[in-house]
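Going by the order they are written in, the chains are A, B, C and D; count residues from 1 in each one.
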Amino acid sequence: MPAIRYTHGRMEATVRPEIEWNALLPLMSLIATATLVLLVEMFLPRGRHAPLIVIGLIGLALAGYFQISLWQTSLTTFENLWRVDTISSLLTLAILGATALTLLFSEEYLQQRDLRYGEFYPLLLFASAGAVIMVSSTNLMVVFLGLEVLSLALYVLAGLARYEVRSEESALKYFLLGAFASAFFLYGIAMLYGATGSVDLMAIARGWGNSAPGTATSAMLIASVALLLVGLAFKASLVPFHMWTPDVYQGAPTIATAYMSAVVKVAVFGVLIRFVEGAAGMAGLWAPILWWLAALSMVVGNLLALVQRDAKRMLAYSSIAHAGYMAVGLVSLNATGLSGILYYLVAYSLMSVGAFAVLTVMARAGDATTIEALRGLYYRQPFAAHAMAVLLVSLAGIPPTAGFWGKWYLFVASLEAGQVLLAILLALTSVVGAAYYLGLVFALYTPPRETVERWRMPAPMAACLLACVLGLILLGLAPSWLTAPARQAVEASATRVSSGLP
Amino acid sequence: MVYDYVPIALLMGIALVIAAVMVGGSWLLGPRRPTPAKQSPYECGMTPVGSARERFPIHFYLTAMLFIIFDVEVAFLYPFFVVLRELPPETRAFALGVVGVFTFLLVIGFVYEWKKGALEWEDPVEHRRLKPEPQPAPAGEQP
Amino acid sequence: MESIPLNAYLTLSAFLFAMGAVGVALKRNPIVMFMCIELMLNAANLAFLAFARYQPTVQEQVAGHIFALFVLGVAAAEVAVGLGIITVIFRLRETIDVDEVNLLRE
Amino acid sequence: MERVPESAVLWVLGLPFAGFLFHALLGGWLIRVLGERTGKWLVGFVGTAVVLSAFGFGWQLYQWLLQQAQPQHAFTLADWLRIGSLQVAFEFLVDPLSVLMVLIVTGVGGLIHLYATGYMAEDTDYARFFTYFNLFIFFMLVLVLAGNFLVMFIGWEGVGLCSYLLIGFFYRNAQWKENTDAANKAFIVNRIGDAGYLLAMFLIFSLFGTLSFVEVNAQAQSVLTAGSATALAIALLLFLAASGKSAQLPLYFWLPDAMAGPTPVSALIHAATMVTAGVYLLVRVHPLLLMSPTAMGIIAGVGAITALFAGTIALAQTDIKRVLAFSTVSQLGYMFLAVGAGAFWVGMFHVATHAFFKALLFLAAGSVLMALHHMGDIRQMGGLARVLPLTALTMAIGVLAIAGIPPLSGFWSKEAILLSAYGAQPLLFWVGVATALVTASYMARLWVLVFWAPPAHEVHVERERYWSVLGVLILLALGSVAFGWLLPGEKAFHEFLKPVAESASPLPEAGKSFVFGVALGASLAGLAFALMRYRRGVPQPEAQLTGIWGVLHRQYGYDGLMRKLGVEVGGAIAMFFTIIVENLIDGIVMLVGLLTRGLGSLLRPVQSGYVRSYAFVMMLGALLLLAAAFVYGLR
């Protein structure tokens, strides 16, 4: 139903849009929480953050509750600007979960590094709101706004350590290149708008079907798809748009790195899944491109991770490789692949948040995260070392952890799609990956050269690590608890798209 | 048509004449005792000429940043009020509510920057906390 | 009034966009780099508004206008964050030359 | 069909797991915070309580099952894997067989937990012990309740892991090297069996297209041809798996060394429960075994030989726990004999009775060890009956039970086994009778040397002091007396298991009195022989382990042979591999590694750190992508 009618050259707004407020409750409670945290932070003495964390966690739980109560509903509201379905629910819950986990272990790091900036917490929550917006719409206007809300908050988070050149350098690089990529993305949207008059991802295929070959419209659509891919590939850190990733991951405060490694991936791959659904008709065009991006990401990410001496940087390159694995799911263009991505995103969030969380314990030793500095972590903090071992094993994709099943589903998906070469590449690069992950595991358990003191593990961080580890093992033992709803979600979404429903 | 530009041309002419009279008058009539302060184009604020690397108070930037963001956000209100009167009453209430929320968020941002001292020209917090050389490079750094 | 053809707008827009993109890749001053990015955003905005003029229904026209407005807001927010980061870097390093800001590499 | 009381199954599984989590997360902390006494009490209480409560829920399942007309109830907890044609669920099976095992595991297991609260009271790793112990119970329950091969495999590997952890439990004391070696040995030997399990599982899946026990059993006759090579292969692979876990020839030799673990561990894992998993597996899938008479014959034969072989070795052991360990191997051989003879329920019957009296024997031995400060050489003991009267009495009951003296529990199951062997193959019967003779004599030898014979030296003995130890001994003694004729009689037991583990052919009625007489005679002869020979202590040649005693003591050289094989032949193979293969592979791996690293290093300079060059690469990438899009997009 149109909100605005056109009469005699004048705009006349008439009825207000039908709004399904329930669908917006998770986002609204998230934003309200963020605002509340911002307000409370103003009135707290410097360095006292416990109330912020508590409020944040309550707000996240509330948002999660609202999102869970929307489970299995499928609707669009706000003139098709907002979409709720199982895909968006799953991804939103993953985002909320990753945020909650980050909240749990951040305070220790802030205190140890003397970064007593309360802004961290509202920024984190606003970033999550941005990510939730991204995965809950197919309208690129909304997606773009969500992307900017997420990115702007992340630029600041990356530069949180104000008196540290590396942190600022990473913020500057992230900001300049991120804004650069946003411009590409935006221009892609403009082209789509020009070609179809709509900024909805679902309009891509329709426009492609309606446009005659060789016309300006079809050229604009091609340009649009290419530019959108550039923007999304940048955020997903796919090669060759990955170059910011290692620098930013290494330079940013580890808590910010943990958060962005998980949440940005979830949000961007959420959009990419919608993109694949919306642009399925043009697969002949973008699938070969994504094929190359996936292959290059897997190879370059893993090879460069192999030669790193800094754990944060290594994990950054490995995140490029993981983005490549997930892109394999996009290329395979089938339900197995897309649901495999959903599974992988959840698993990767746990692995990545957990692994960086373990690295935050190094804040006590001058925040040195070189592999050399991590040697013998077991003798300092056995629990952190054990947790890290599980997380790394999962990152390496060794059963019975969730990391294995994630790779397995993507592997099967690419075989089902007949992408044998990509499947082989996935397997081979995973082997390379296992080498550096397991190398780090050995380093953790190697006795240190000198005697070391034991470090205390704060309870919230222990809870976070425990949640990550147990989650991974549980998902590894019973993958179908997640893959079954994921598959259902993808199939339902595909039917809806193919039958032309909003 | 060309004639449409006549008023503009007239206006420009008058402006030129007035400017010439003022500058010429002071040049002819005024006593000339130059001082460095008087010789600079602006007698207050920052020196416009010189090395671009020169330091100047960072607050220029800060204030500009704060200004631009509020400036642009407030620009959202303009199209809204243009169409507000044309809305039917029940929609108008809803629309006012939406704009209320928007304004509320802006005000929170304003309160935040106020409370954080971003509007103070002398920033006691920042001056106190600025550390000279804060960051020893972590071990194992790449050359 | 004689309307300017869509192609003219698009050519200008594409030119601005390309100029911005090349500028980002070539300039050393982050503020200039950022201005180039703004140029790219404005190129997109120009395209939006030009397209909006040629849309058949008002609904579709309004979409372009709203988008342009949003982009303005986003650009302003980016300015604030970007200048903030740049000023902090300047305070720490006494320089903002991006070629001198490369502790993080390989 | 009524629905399975799923909550009961979940409680049975969940309680021990919750106990495991409790000990793992809080145990050490609690003991630190609450103090040694209260903390240990709490940990021990929780550890025991979860297992005994699980027994309660197991009992509920048992009562429910008695009212059902249909014996087997499968229920699916959740989907697990669904990849192509492979669909496996978390599937559990509630039937008389699994419920029997649940009752044994949680009942006897609960009592042993209770015992351990006393036995381990002075250990520093108290919480760690109960962590492993509860985890073991959990995995054992997964194993017995599993509804398909893969779920059972989780339990199978899990109990192996716990066994490994518990054998090497005392890694802090002076014998840590032997202890960890024993743990490694158990782990490695068990992997051979696991290989059999995995191969059997793959073979079954490829033939049946399913891994569910119910479906595989139901389709055994239609899918497999009786006597075919495939059926033989499956049966033998399953037997290999079983003989690894249940310590049969040729893989028995890890079990005696496994006695390095704490005594409750030996009682629970290496006597009462885990080692019977092999028997349980074979009974669980017996329709597959019935498809291959040859395999059945091999199983019965290996069982009988193992029984006699291990029994004779036990005659010359000098360590109290090693005697019992070989006795366990021997008794497990009996169970395999019954299974191989087709009397499946009889095998399970002996599993049940054996769980009682062997747990009793081990725990009594533990009580002796506590009194003697863990000195286990029976040649040095003697006359302990006066100091440890209750231990002596209860152990005597255990000895009589294992020797097969009526009406104690061991008598009933042993009679049934011999009867089934008699019906299947007279030669096996006579081997069984010989084993009965040997069993009676080595057990009597043990008891006489420990409690009765005059002591060889003066040793300092501490009195029995933990009520939990004595209470458990008494309870288990009662069980050893009454099981088989009073509590559930043999008939009732048979009726209960009939639907799922009926013997292939009915036990022969004709020879019953003959078998009865011969077996009883053999047992009494064995007892009498030992009483006469050892009443004054160990005779000289035996104490010096010379001659035949030495041969027996050294397990006929089998263990040494295996060690040689393992170390020397393995070493030779390893040498071969090091010299030729490893160098080759190493070379290749190194080369690949160098290449990948080199490639990585080549790529490194691209990451220059200059934001401009990043932007430049991005721009080039975007251009390339655009160009590619237009190339692919031109229609």
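By definition in this document, contacts are C-beta pairs under 8 Å (C-beta built on N, C-alpha and C of every residue); 3 or more make two chains touch, one makes a residue touch a chain.
Everything quoted here is computed from the prediction, not taken from an experiment.
Participant: Going by the stated contact rule, which chains contact subunit A and subunit B alike?
Facilitator: Chains touching both subunit A and subunit B: C.
Participant: Between subunit A and subunit C, what's the gap in Å when you average each chain's C-alpha atoms?
Facilitator: The computed centroid separation for subunit A versus subunit C comes out at 25 Å.
Participant: CA centre of subunit B versus CA centre of subunit D: separation in Å?
Facilitator: 81
Participant: Using mean CA coordinates as chain centres, what's the subunit A-subunit D distance in Å?
Facilitator: Each chain's C-alpha centroid was found; their separation is 46 Å.
Participant: At what distance in angstrom does the C-alpha mean of subunit D lie from that of subunit C?
Facilitator: Spacing between the chain centres: roughly 71 Å.
Participant: Residue numbers in subunit A touching 2 or more other chains?
Facilitator: 11, 163-166, 172-173, 176, 180, 184, 246-247
Participant: Going through subunit C residue by residue, note those that touch at least 2 other chains and give them in order.
Facilitator: Touching at least two other chains: 21, 24, 30, 33, 77, 84, 98, 101-106.
Participant: Using the touch definition from the top, which residues of subunit D touch two or more other chains?
Facilitator: 604, 607, 609, 611, 615, 622
Participant: Please give all chain pairs that are in touch with each other.
Facilitator: Every pair of chains meeting the touch criterion: A-B, A-C, A-D, B-C, C-D.
Participant: If we count contacts the way the header does, which residues on subunit D are in touch with subunit C in the complex?
Facilitator: Interface residues on subunit D, with respect to subunit C: 604-605, 607-612, 615-616, 619, 622.
Participant: Report the residues of subunit C in contact with subunit A in the complex, numbered from low to high.
Facilitator: Interface residues on the subunit C side: 10, 13, 17, 20-21, 24, 30, 33-34, 37, 40-41, 43-44, 47-48, 50-52, 55-60, 62-64, 66-67, 70-71, 74, 77-78, 81-82, 84-86, 88-89, 92-93, 98, 101-105.
Participant: Hey, which residues of subunit B end up touching subunit C in the complex?
Facilitator: 53, 58, 61-62, 64-66, 68-69, 71-73, 75-76, 79, 130, 137, 141-142
Participant: Over in the complex, which subunit D residues touch subunit A? Could you list them?
Facilitator: Contact set of subunit D toward subunit A: 78-84, 90, 593, 596-597, 599-601, 603-604, 606-607, 609, 611, 614-615, 617-618, 620-622, 625-626, 628-630, 632-635.
Participant: Can you tell me which positions in subunit C touch subunit D when the two form their complex?
Facilitator: Residues in contact with subunit D: 21-22, 24-28, 30, 33, 98-99, 101-106.
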